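What follows is a short report on a single structure.
Letters A, B and C mark the chains in the order given here, with residues in each chain numbered from 1 onward.
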């Protein structure tokens, strides 16, 4: 096996890893603010992908143009989901709250899965544009335009998010809620509204990743679980509230998975899952460790 | 300014406060003293809305607080310096202070108030960028108080400001509290150290087992037999 | 007659009735639905033991189901007498559970949930890669394939599992489990060996899940190796148990009944609609009615009794 195969594999892994990171950041943000784990996160990503698919197949809108509208639609859906299904849990005792949020998310994921099958059939779908095959070469390595842009997009979005969280008042309010929600409320921060908007952001971030997946890869109704797991693995690796860390961990996971294809072939996903379990066992802190006793 | 009328507060199935009534008048310093676990912190938390009484009422400047959510109370002028400081540990000193000024009123005069806080606590200016969780106890307490002032409160609730601080630092904190009061802020203070609490406050309430057992002018209470025996360790004459 | 006696006679009566059904009807579709109900009862009750009684919500239940299925299928296809293969399936599931039990049960709450989810996926992917094919049965066997013994196998297994849950519900072991479920720290403080409670629950749960898998392997003519490891089985168990009433004896039975009925009802028109419906019910249960259908039934009963009492007094 020569270095070129290895490097190309690594590169592809980095590209998809950017999307893993983007998905994980949304999940991490939501948990940080609400202390609830949304295991339907992968389904929100899927819905974002399908929204882009619909924009394309019904109105011929280029997926990169429908990126923001899709994200916005999911932002609204996310806020609605929070208000309807997660907000009632907000007042509960921490342990019960987390457990119930897991269950609610689980129920929602099944519902969305089913909805997707009904609306778009169980077949794989993909958005094929003129430039789907385009790419450029650098150092003898191939950079497919769309997959590469996924990485670029993820970097830009996460950077923008970071700026938002550190430079704006509302962003700081979100961070404050993550660190100590009681004190945040005492400062005048409306926790309910903040949670709702954060959940919307989480959904929007997932939707953006979903858009790229629909163009550069493929979407199908059962992809939710797969992506939720990826996001969970990354969040566990990176540690809670660690936005930059989630991005890096996502890229890392993508790279490791992709490279391990060369060695263990179809077991590449198992590699990620095994790492996940090891981290859960040996270094769970940095994850939810702070908020759960 | 603050009227608490027979509030009863439970934490789950456990009742903590029984018919607590107290008054705080404008520009006063009122003390809440009593043993650990008596319900003093619970009282302050109820005033801020973190807990709700299942009976009784709280009025602030004539406005009943029942329907007022937690995040609206600071806009009305109530600010809490919590037990344990309640800082945002991963955020910088400056960010903590900025968040203290989150309310509209606070944001309007943010820069001015910030200067005032830096005057009171010069060390905070030096530690602007430092993460709040990495500062010393004394600095954290100063930050907590500074942050509480950023919303330009009318009523400042202070829970054990000297907790875990050296006598020297405690003295500094008390002086500052006195200064704050002089500038026109009403203060309701929980103080573990009864003597100091009574010396600082104009009036005080003694809370034991979730009930008010004694109240009055702090000077009189310093001479009171029961208080001397229970809290001041002075033998009765 | 005491409550327990009544329950015993009722259960025996129902069991006898169910046992007599195949004698009264030749309709295969009816028998198949009953088998499906029994299968779901076993699947859900075994999950209920770990999650409902011991409070450990596992999302990897399919792993035990799959291990039982694959073990039984292999041994049986090899020529091993069926019951031996069947029991070995259950044993393999328990052994696996005990191996992963120590590290897995160290994880609390949602860590345990997502950890078991990951574990289940690892098994599914591995089996799917090693054996991506479908296995059939030898032709001469297919000719003699009889649904009836399978019916009785599932019925007996379902009865045993329900009896097990009943026993747990009334035993000291069950009390210990519930103590762990309600407040693990408090249980530990009062001297309960919480780990022991959890691992026992896990062992019993995995054993019956494995047996259910083994029965499933016996039942399927074309057998997809990867299928029993699919997370769908876990999700079925969760939906059924919660909607029926988690932590109760009747809950999973009631849930299994409706789940299977809905599944068959919509199989030609809207396949998978039963998942959608149960998904909605599931969310409603979590938000509003934690005791599920069983709780709803008891509330209705109380309402009726109250109304009757009212009518009498006035």
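Note that in this section a residue touches a chain if its C-beta (ideal position, glycine included) is under 8 Å from a C-beta of that chain, and two chains touch if they have at least 3 such contacts.
Remember, predicted model here, so these are calculated numbers, not experimental data.
Undergrad: Going by CA means, which chain is nearest the middle of everything shown?
TA: A
Undergrad: Relative to chain C, which chain's C-alpha centre is the most remote?
TA: It is B.
Undergrad: Rounded to the nearest whole Å, what is the centre-to-centre distance of chain A and chain C, using the mean of the C-alpha atoms as each centre?
TA: 32
Undergrad: Counting only Cα atoms for the centres, state how far chain B is from chain C in Å.
TA: Once rounded, the distance between the two centres reads 55 Å.
Undergrad: Just curious, how far off is chain B from chain A if you go by their C-alpha centres, in Å?
TA: Here chain A and chain B have centroids separated by 42 Å.
Undergrad: Give the residues of chain A that touch two or more other chains, as numbers and ranges in rising order.
TA: As it turns out, chain A has no residue touching two or more other chains.
Undergrad: What residues of chain B sit close enough to touch chain A in their complex?
TA: Contact set of chain B toward chain A: 48-50, 69-72, 74-75, 79-80, 82, 86-91, 95, 98-100, 102-103, 106-107, 147, 151.
Undergrad: Which positions of chain A touch chain C when the two form their complex?
TA: 37, 39, 85, 88-89, 95, 98-100, 102-104, 106-108, 110-111, 113-115, 117-118, 225, 229, 232-233, 236, 265-267, 269-270, 273-274, 276-277, 280-281, 284, 287-288, 292
Undergrad: For chain A, which residues count as touching chain B in their complex?
TA: 169, 172-173, 175-176, 179-180, 182-191, 241
Undergrad: If we count contacts the way the header does, which residues on chain C are in touch with chain A in the complex?
TA: 57, 59, 103, 106-111, 113-115, 117-119, 121-122, 125-126, 129, 231, 235, 238-239, 242, 270, 272-273, 275-276, 278-280, 282-283, 286-287
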